[in-house]
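Below: a set of structures, written as structure tokens.
Consider the two complexes below, in which chain A is the common component and chain B and chain C are the respective partners.
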Partner chain A sequence: MNVTFETATAATVARPQGRLDFGAAAGLQQQLEEVIAQKPAALVVDCAQLEYVSSAGLRVFLVAARAAKAANIPFIACGLQASVREVFDVSGFTRILEIHADTAAALTHLGTPAA
Partner chain B sequence: MNTASAAAAGLGLFFVGMRLVGSHLQQLASGRIRSLLARTFDRPLVPPLAGFLSGALTQSTSASTFIATGLVSAGSLGLAAALAMLAAANVGTSVLVLLAAVDLRTLVLYLLAATGCAFFAGLDQAERSRHAVLAVLGLGLLLFGLSLLKDSVADLRSNPWIREFVEFSGSNSAVGFLAGFIIAVAVQSSSIVTVLALPLVNEGLLTFDHTIMMIYGASVGSGFATLLLASGMEGTSRQLALCQALLRVLAAAVLVPLFLIEQSTGVPLVLAGLRHVADSPMTQSGVAYLLFQLVVATMAAVLDKPLLSLTARLSPPSTAQLLMKPAYLFDEAVEDPATALSLAQLEHARLVGFLPDFLDDLRPVEERAPNALPLAQRSAASASVAKDIEDFLGSMVRANPEMTEIQQVFEARSRVLALQTLQSALQDFTNQLAQVPEAQRPPFAAHMVEGLHAILMVAADVARNATEDDLALLHELTAERSALMDRVRQELLGGGSSIGGRESVLSATLLFERILWMLRRLSPVTSNLD
Partner chain C sequence: MIERSLCVVSDAAQLQSLTEFLQQFWNDAQLPPAGAFPFELALEEVFMNVVMHGTHPGQPVPRVTLRLSWDDGQAALVIEDDGPAFDPLSLPSPDLNAPIEERPVGGLGVFLVRELMDEVTYQHTGTLNQLRMTKSLK
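Take a look at the complex of A and B:
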């Protein structure tokens, strides 16, 4: 899977594309941990182009959210497609993660309207 | 009476008798005796005794091997004890051979008369005595068949075709060995081959020397037959069959050279010894069979460790067999309640770690665990270990009647019960969804599977190392979500999938909610958060 990163003052936005399955999970997790290690103001994962997430993918969100919390960095997921949203809902992950409709809403929440 | 027809009738009665003895003595030995054996298998003499009985009752080392295999698979018996059981089973098969070698004609007639009286008195109808009566009838028919065979063999000696065939079989030692081997593989029993050879040696159709080689060949052949029957098996089941075959080859490797040395040099060895212990060649042959089995048993006792290590290399335990064994529980630990409770907790955590794998059948191959097993094997392995934990806790309480940790024992037992219920619910959940062909499953089914898998992984983390954060996380993830599930069920009811498919998916949604509820209560700490 491809992941692009956009770093701004208010947050670093990660944009994974394609399928987040067992094969892709370790790579994304490592990339998110590297970003968190750089101490961004916040980390937003824009899932608009994420087509599928398996349990291994859900675990990536869980591990990243924990690492971000430990580093005192706000962590937000946003732009979930309907099918991905359903996996988050049924697993209960929408209860433990901060989720917004899209990047603009996430940045607004962080206090910086999207450019 | 025609000689050939008498021989055929004798053979027929022999086989009917064998079947009656085998099946009814086994029935007789079931129930109380079997459960007594299962409870006492940890005592040193019980496995050999059980082996001797199983060999005597089934008259088949293959059957005894598979009985031992079943006990090992069920966790009732360790491999070393199973090998001791097998060795004694070999000796047990000698009982019939020795009985057949003795002239019991008068006894047989009384036995059949007594069975007839028992039938007349209706004892064959009463549940308590039925199996005993039919087993005695079987023994009577078997021995009567043999005496018919013995009588007719004397007449058959004059038949040129039979004489030629038997003379060829006994023409040299190698042919005798090979004939015994082939017939034993075909009938899967060396004792039957030996018993059938007895009338031939008695009437001089086979020489004593060649009968001995036939018995050796048959003994190796029945080990080979066991190995053939176990060819579809793997791991410990195959190890026992390999041991059985190797032991017989080793015993032959000792006895056949002794035979050849004695034959070529005239130095008195085994054959001389056999001639010394009995007068008739029939009894001598029966004792030769017993001797072979005793050599097998001795080798099993002396070489058990290298044999088991060799066969473990040749046939390593399967994943299912490894998973079926507790990783932390051992018998001696029950003496110390604190240690025993810690070990039970570790084993419990290990089992919770396997819960996500219950969903493997429903997940894409690339998402499955590296040691993925079909659901039936996975659930059987986990249920077996859960039962082991339960038994372990029970043994600990029995070993320490005055223990102060009774509250912790109660909690540990409750957790095992909760885990067993959870295992069963997960099995039902997977079975329900697996009934619906993958192409017909609504997308929600796959989402539910991945979501539940993620929650079960968190539960596994909590069981391994429960931090407060982990507990709070599991508590949130397992929160009630009836609104979501009700909406999904409404959508499913209006959906296009087949009625059967819809029913299964609807049942799976109900099981999903039940599983979440149970996961919330799996850990006493998470349940306290409610």
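Take a look at the complex of A and C:
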């Protein structure tokens, strides 16, 4: 899967595109771990272009959120499409992860209104 | 009534062709696109469980058969394998209320399938594990 990264003062925003299945999970996990190791002010995963997520993909969110928490880096997921949102809801991830409507809302929450 | 099946070896590299087979079936049967997601997810979860846990050391790699059907508003996904007998529905449900530090990283797949499908049944017939999943589509 393709992932783009945008780094600003307030946060690094990761935008995974397409299907986060078993085959894509390890690659995204490694990329998110590399971002966390660079100690961004916050990590926002914008899921607006994420079309599919399985339990292998949920695991990536869980592991990344834990690593961010351990490093005191706020971790936010945003922009979940309906079917992806349902998987997050059913698995209880909407309760253990911080989720916002979109990147602008996430940045506002972090104290930096989107320009 | 439309039915199709595909048989592959139990290997993670087959996941993509299985998914494409399901998507082709979905298109050909003219089923609602939004309804495909839980079936794609169920296919991945059940197939990957067989790939990762369904082989005895020293035994041949199991064969997996995917059967898809659509009849009277209901889609059915059946996954059969000739690996060791195992009922995935016997797995305990995850603790959804555990805090983030204590959530285990595994164990969600079968739970998601049970939640997203209308009905999931397991039977062991002869040498085959058979998991049947159905869901009504509007």
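Everything that follows uses one rule, which is that the second predicted complex is superposed on the first by the 115 of 115 C-alpha atoms of A that agree within 3 Å, B and C clash if a C-alpha of one lies under 4 Å from a C-alpha of the other, contacts with A are read in each partner's own complex, and residues count from 1 in each chain.
As a convention for this text, contacts are C-beta pairs under 8 Å (C-beta built on N, C-alpha and C of every residue); 3 or more make two chains touch, one makes a residue touch a chain.
Remember, predicted model here, so these are calculated numbers, not experimental data.
When the shared chain is aligned, chain C comes close enough to touch A:Val63, but chain B does not.
In the superposed model, A:Ser55 makes contact with both chain B and chain C.
In the overlay built on the shared chain, the residue A:Thr7 is in contact with neither chain B nor chain C. After overlaying the two complexes on the shared chain, residue contacts for A:Phe22 are found with chain B and with chain C alike. Of the two partner chains placed by superposition, chain B and chain C are both touched by A:Val90.
Contact with neither chain B nor chain C is seen for A:Gln30 once the two complexes are overlaid on the shared chain.
Within chain A, the residues touched by chain B in the first complex and by chain C in the second are 21-23, 54-56, 58-59, 62, 66, 83, 86-87, 90-92, 95-96. Touching chain A in their complex are the following residues of chain B: 356, 363-364, 366-367, 443-444, 447-448, 450-455, 457-458, 469, 473, 476-479, 481, 484, 512.
Listed in rising order, the residues of chain A touching chain C in the complex are 21-23, 52, 54-56, 58-59, 62-63, 65-66, 69, 82-83, 86-87, 90-92, 95-97. By the touch criterion stated above, chain A contacts chain B in their complex at residues 21-23, 53-56, 58-59, 62, 66, 83, 86-93, 95-96. Note for the complex: chain C touches chain A at residues 12, 15-16, 19, 34, 37, 40-41, 44-45, 48, 94, 96-97, 99-101, 103, 105-106, 108-109, 111-112, 115-116.
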